[in-house]
């Protein structure tokens, strides 16, 4: 399960030690830690990482299979998590220490910056290969963070990107060795922590106004 | 006139042997071949190329001059062709073996990927030089596929890009020698052919929802 | 105060010799010179530069502090200036010979191309550091000209970019030594001056239709 640690002004959210799929309890836990960080007065920044082989593999397909009657509500919760990170009122850096797949990759994209391990792990949106089209909200989020060519390459080809390839395509902003990854992400976040949270929140709400509107719209069927 | 050939799971659409301008009969022919490919069950991918010096020079200005009373309907047909390729329910690769100009370049941009001959031929949107502003639908299509800097460079400067320049600007995804161009495009398409066509179609419909709406809107005057 | 000079078909707008902040009189002066250039019949292009250490530092905070009752009208005037340059019916090149900050940087972004001095001066959107969130109009303008990664880097980190960094991030299109900067920008503009102004105006109005609508909307409160 997720946990939150503090490195001075930088809050390090650990998504967990397994595949870190988005079980409803996991979402609730992550959401609670985001509440904590958002409530910090004064300088604060967020680094999101995980422990072990995976950053996150995304939706909890097993749970979803057993609770298909709650699928719509579940996807709305996932969308709300993306929206919250997208407009989070503090600088946010995702440190991708392991595999970052599907909704896990979207969660990474919702952050302001992404650092990725250079030598192991893949960034991948496999939806085209597993016959689960992106929802409108997911589509809006991904397109908001990537160039048109990178959106096609990730969303249509479902290609797996290693660190260097992900950097070249602009999916991530920097790559680093395993040992340097988290320190680098924390250093980046620390340098931005002094910015006023409310100002950053407003800036990001306006940058992503249309995407947030789609992500937070619960009136329709997200499966189209 | 256009023709369709098959290389295993890859369908190779040849736009023709001359300037391959968008005569109404040519559009009808291309549309029919797209019907054929879309109707293939199981793995399929599309490569679009031409034969000789031109990929396509775009709108059939001669025909248009002789049928100015049909101009609006004609542009709507061109828009519909762009929309169809933009959201085609299979992977699409354009192999630009020759000059790719104006609406011919837009047709290339509607594909998922573009391969271009490295040593000969130009990619160019000459509209600013020939005093024909892009329609709203064309504008939406071009902007959806290029970075802001590349959109300005192509749409405002009307610059002609050779292969290497087009690659550097992100107008195309790869360049190759004349002999390697089509095999490379087919190889790329073959590697993607196994993806479910309906899933790809839905993914692309959502990626380009706003552009498709503009392209398929026949209520207004496309000349503004 | 601003001034206008002519180099053949290229009109060189000098924003002034100090910080070139957007005092209402300064805006009126710049607007008058834009009227002059837009009224030229036949070939014409615009290069915008300044003299000395600054290109422009943006909003006139001192004036605004003394006229807070006119803040809304003032911001609408600034938005209108951005809109006018964004869709200017001629090729436009900004030659950034000095510091280019805040609304000064936005004015630069409204041009078709940006040339920047390689060795001195910074391009910076400091809004996140001075707790003044970008208006919706400013947000739309900046996002229309930058890749998603560059928008985050400038708008969320408020980082100051030197010439080479600005080029690498795509904030500017070329860098040059002090001596070569203005001649290079003029040369670029001259090569584009023959294009029909009305055609270019229509092309840019359609490229930036949604941004222009936001910038020219005076119905709301720009401070949100």
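Read from first to last, the chains carry the letters A, B and C; within each, the first residue is number 1.
Definition applied: contacts are C-beta pairs under 8 Å (C-beta built on N, C-alpha and C of every residue); 3 or more make two chains touch, one makes a residue touch a chain.
For clarity, every value in this text was computed on a predicted model and none was experimentally measured.
Chemist: What's the call on chain A versus chain B, same or different interface residues, using the half cut on shared numbers?
Modeler: different
Chemist: Would you mind reporting the rotation angle for the C-alpha fit of chain B onto chain C, rounded to the nearest 5 degrees?
Modeler: Copies differ by a rotation of 120 degrees.
Chemist: Round to the nearest whole Å and give the separation of the Cα centres of chain A and chain B.
Modeler: 34
Chemist: Which parts of chain B, given as residue numbers and ranges, touch two or more other chains?
Modeler: 147
Chemist: List the residues on chain A that touch chain B in their complex, please.
Modeler: My answer: residues 127-129, 131-136, 139, 143, 147-149, 151-152, 155-158, 224.
Chemist: Write out the stretch or stretches of chain A touching chain C in their complex.
Modeler: For chain A paired with chain C, touching residues are 91, 112-113, 144-147, 170, 173, 192, 195-196, 199-200, 202-204, 206-207, 209.
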